[in-house]
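I'd like to ask some things about the structure below.
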Amino acid sequence: MSTGSGMAVDGDRSGATILQLHGVGMRYGSADEVLRDIDLTINAGTFHYLVGPSGAGKTSLLRLMSLSVAPSRGRIVLFGRDVAMVERDELGRLRRRIGVVFQDFRLLEHLSAFDNVALPLRIGGADEEQISSYVSQMLAWLGLAERMEAKPAELSMGQRQLVTVARAVVTRPALLLADEPTSNVEPARVERLMFLFGELHKLGTAVVLATHSRELLRRWAFPVLHLDRGRLIRPVPAGRAAAE
Amino acid sequence: MSTGSGMAVDGDRSGATILQLHGVGMRYGSADEVLRDIDLTINAGTFHYLVGPSGAGKTSLLRLMSLSVAPSRGRIVLFGRDVAMVERDELGRLRRRIGVVFQDFRLLEHLSAFDNVALPLRIGGADEEQISSYVSQMLAWLGLAERMEAKPAELSMGQRQLVTVARAVVTRPALLLADEPTSNVEPARVERLMFLFGELHKLGTAVVLATHSRELLRRWAFPVLHLDRGRLIRPVPAGRAAAE
Amino acid sequence: MATAELDLPLDDTPASRFLAWLIGGLVFLAVLACAVALLAQGALDRLSERPRIVTVALPAVDDPAVGEAELARVRAALEDMSGVAWTAVVSEEELDKLIEPWFGVVAPEARAELPLPRLLDVRFQPGVVPDLTALARKVRAIVPNALIDETGPARGALEEAAQRLRWLGGGAGLLVLAVLVVVVVVVTRASLDLHDETVDLLRLLGAPDRYVARQFELHAMASALRGGSVGFAAALATVVGLVHLPTLWGLRLVPVVPRPLDWILLAMVPVLAALLITLAARFAAVHGLARLR
Amino acid sequence: MATAELDLPLDDTPASRFLAWLIGGLVFLAVLACAVALLAQGALDRLSERPRIVTVALPAVDDPAVGEAELARVRAALEDMSGVAWTAVVSEEELDKLIEPWFGVVAPEARAELPLPRLLDVRFQPGVVPDLTALARKVRAIVPNALIDETGPARGALEEAAQRLRWLGGGAGLLVLAVLVVVVVVVTRASLDLHDETVDLLRLLGAPDRYVARQFELHAMASALRGGSVGFAAALATVVGLVHLPTLWGLRLVPVVPRPLDWILLAMVPVLAALLITLAARFAAVHGLARLR
């Protein structure tokens, strides 16, 4: 299942190419590269886990994919556009098609849970009525109906994580990058989140989910991207990765 | 295994009583109570999991135990002292015998990983030589030897979590309150952390570990405190809790 | 944006909270300065509306009859001029008073010896600014060595003072508005730096520059409205107080009575300030954001 | 604390960074004020070290022999007094000069008619302040109606000015130090609020109040040393400049020459300031922390 450009992984219903990384490297400041020689293709409607020990570079790779940092070398092609060549305004449009669950949440402290989730919709210019119904439904479904007006500091960590996930998926992005989205919620709620991601995936969203949870890998079998010390190891079948 | 004061749980080698909660309730501001009628005894050398859905009140309960908030009613007896009656200076001494792994880490952003871990030792008045050897050993053992001088913002989430754990255990506390200490690290490192907690536990530290991980409960069988909507449910044998 | 809440916690920074106060102070100053300019302009207008008088001096001639004829021709010519209301020959008594400082009281017989000019007051219609060169040309066509002089002693000085005040007030007003723009730019840039994490997040969520800039713009506009209205009210109170407390005007040389239009123009100052502030904030934000990718 | 790093990022707050500058400015003022006080004190000391002269006037008597005897007894009594260096009878020539303003130049024969007192200069040893009442008692025991007067005309006024300067300088110095204390207290309280999360964490880790307070104390001390040394250096340069530029002292009425001890005392000012600042920071922090549990 390899395409021309290095290692390629795809899901069961591979569609259009959403993201390609060609020989990408990345460093913070002037330190050593934390990512090296990354070649990767993500197609529409695929679901990948991203695993690897702490510090392997999962978050860094997701940062590259979400266009929040630039690679130190190599080329990133997103939605068919070479990211390095893209205009400022176009960059915003590309980013709006990506949903990101940040590992450190990055909620706005002065906004309520509702307003935090509504943020990407407002940025996208949705009308308030639609926003109100979307956001309320989403939060209610995640069990946060009663905490919608709470500020992040008044929420439990798990609740904050749910808000973060809600913010990432509420726009139904074409690419969902979820960095440890289930680390702070209980098994029942993990199930709900995975159902949510699965639904998006079925609707054509390409999902990349970084996780440490062997249980996740075991229960929801999807292909695994294995990162180790900044390098992608050959794709591992889901069953084996869980057993590792 | 019940003592006179409500529900009591104890580990295999129950020793002196370390912490007792009698009819404790707690609220944030003027909202409803998030913890209700908590009766609980923690003995030296015991190990308890604290489980329950997101928002059940695990962190709030640990906050009570670490004397970071006051109960709205009830009585907390820590190391044989009624906490409400204790003098300011004595409060500090009590707190120094508790190690806390905060769910949100609470590392000092302007200090290096090393200095963050050294902090409780410095507060305790240890000499720098001892601090240097303790802290380096601890961080090296957790696999952070090369990131000791990094600031928290320059660490991956898992690395930050390890620093937080190191800070909590470096003083060899009599009571360790760990709030989701393994949520951001890979299975191999989870093993190390559980080994660390186990060692402390064997040395007589009472451990209370809040977690969502069923794997943890399954692999390391310890008694479970089950919180639901602010109430402690009867103690569940470890095997059953994992299966739930 | 349909929501009242900004995505950026701009009101939480000391610099930003300070912004409304700063704007208030500067708008106060700007309104005061403009009030000075407008009142000065008003005074100038009133001064120019007072009918003006030009004195024409025809040198003495030996033959009284020739003199009379000259005088009559000059008067006729002048009264033909557009804008001239009437002319009047200065009487001998008045002339005596005029020369008294130089010659003392002159006896009638000695007076005859003096080659006194014949003076002619030319009064213009209200609001007309005398065209002295045209007038001089006309008069000198008849009496080549006639002297022309505008009367009203302090008038020129008063006008000059009012003019100076007008420029001063206007200049100060513009200066204050310029300072306002600089302040807003600096504060906006500072708070852009302060909130870099939030700005970063908004951009990661795909917010275009204009969306982020709008946050700063809205905040600046809100500050402008809050601070500006307070500053404007304070300045109005000050102006009204100064104008209507005649005791403060020991020398009421210039008529300082604000006209209705003045109030309207003054009210434009905070509006203009708010506009400038909003534009300055947008400009600063957009330029600050352009550094990021 | 063995580490140079503080647990609290105190240098990151604008108020705290500003602290060093503020302290520098205030120490500058305090040192200047104290320099004025010390120089004034120095001038006073020099004035008091100049030997002082008291003049005793014995009224004229008819019999010269009696007069001579009186004079001899008074001189003997005075020269016995502790602190008196010597006494001298004012010569007739000097007396003539003294009375000249009142009587003009007197002819010797007319002079004899005048009942002139005999004047006696009593010179004290340097640094001794004359006890005028004791002296008067002694003299009047011999000549009941003798007059006693301290000579040196401008002396009193100079001393008064110097004294006033001394109090003024000292008072200003104390005032500045008081302001310094208030500033440090306010800044410390503000940064305690600003860093409440970190303070909270430290307390949760079991840090006693004195540990947390020490953070603020060390930071204040560091600011005091940095700011204080700059302020001190600037003040010293100013003092040296003013003292050694004689052109600036158009009227050199008072001897303004700093003594070695002055420099040492001045150097104590920043040290005292640093001490006060440190204590103020500790006090403010401890009191601020006492609100928390």
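When the chains are written out, they are named A, B, C and D in that same order, and each has its own residue count from 1.
Note that contacts are C-beta pairs under 8 Å (C-beta built on N, C-alpha and C of every residue); 3 or more make two chains touch, one makes a residue touch a chain.
None of the values given here were measured: they were computed from a predicted structure.
Connectivity of the assembly in the absence of subunit B: the other chains, held in place, form the touching groups A, C | D. The minimum number of touch steps linking subunit A to subunit D comes to 2. Put simply, the chain farthest from subunit C by mean CA position is B.
Subunit C and subunit D have CA centres that are 57 Å apart.
For this pair, subunit B with subunit D, the centres built from the Cα atoms lie 63 Å apart. Centre-to-centre, using mean CA coordinates, subunit B is 74 Å away from subunit C.
Annotation for subunit C: no residues touch 2 or more other chains. In terms of inter-chain touching, the protein chains here are arranged end to end in an open line. Listed by label, the pairs of touching chains are A-B, A-C, B-D.
Within the complex formed with subunit C, the residues of subunit A that make contact are 66-68, 70, 88-89, 91-98, 100, 106, 108-111, 115, 118-120, 122-124, 127-128.
Interface residues of subunit D, counted against subunit B in their complex, comprise 1-3, 5, 7, 9, 12, 197-198, 200-209, 211, 290, 293.
Those residues of subunit B that touch subunit A in the complex are listed here as 28, 51-55, 58-59, 103-104, 143, 147, 154-159, 161-162, 180, 183-190, 212-215.
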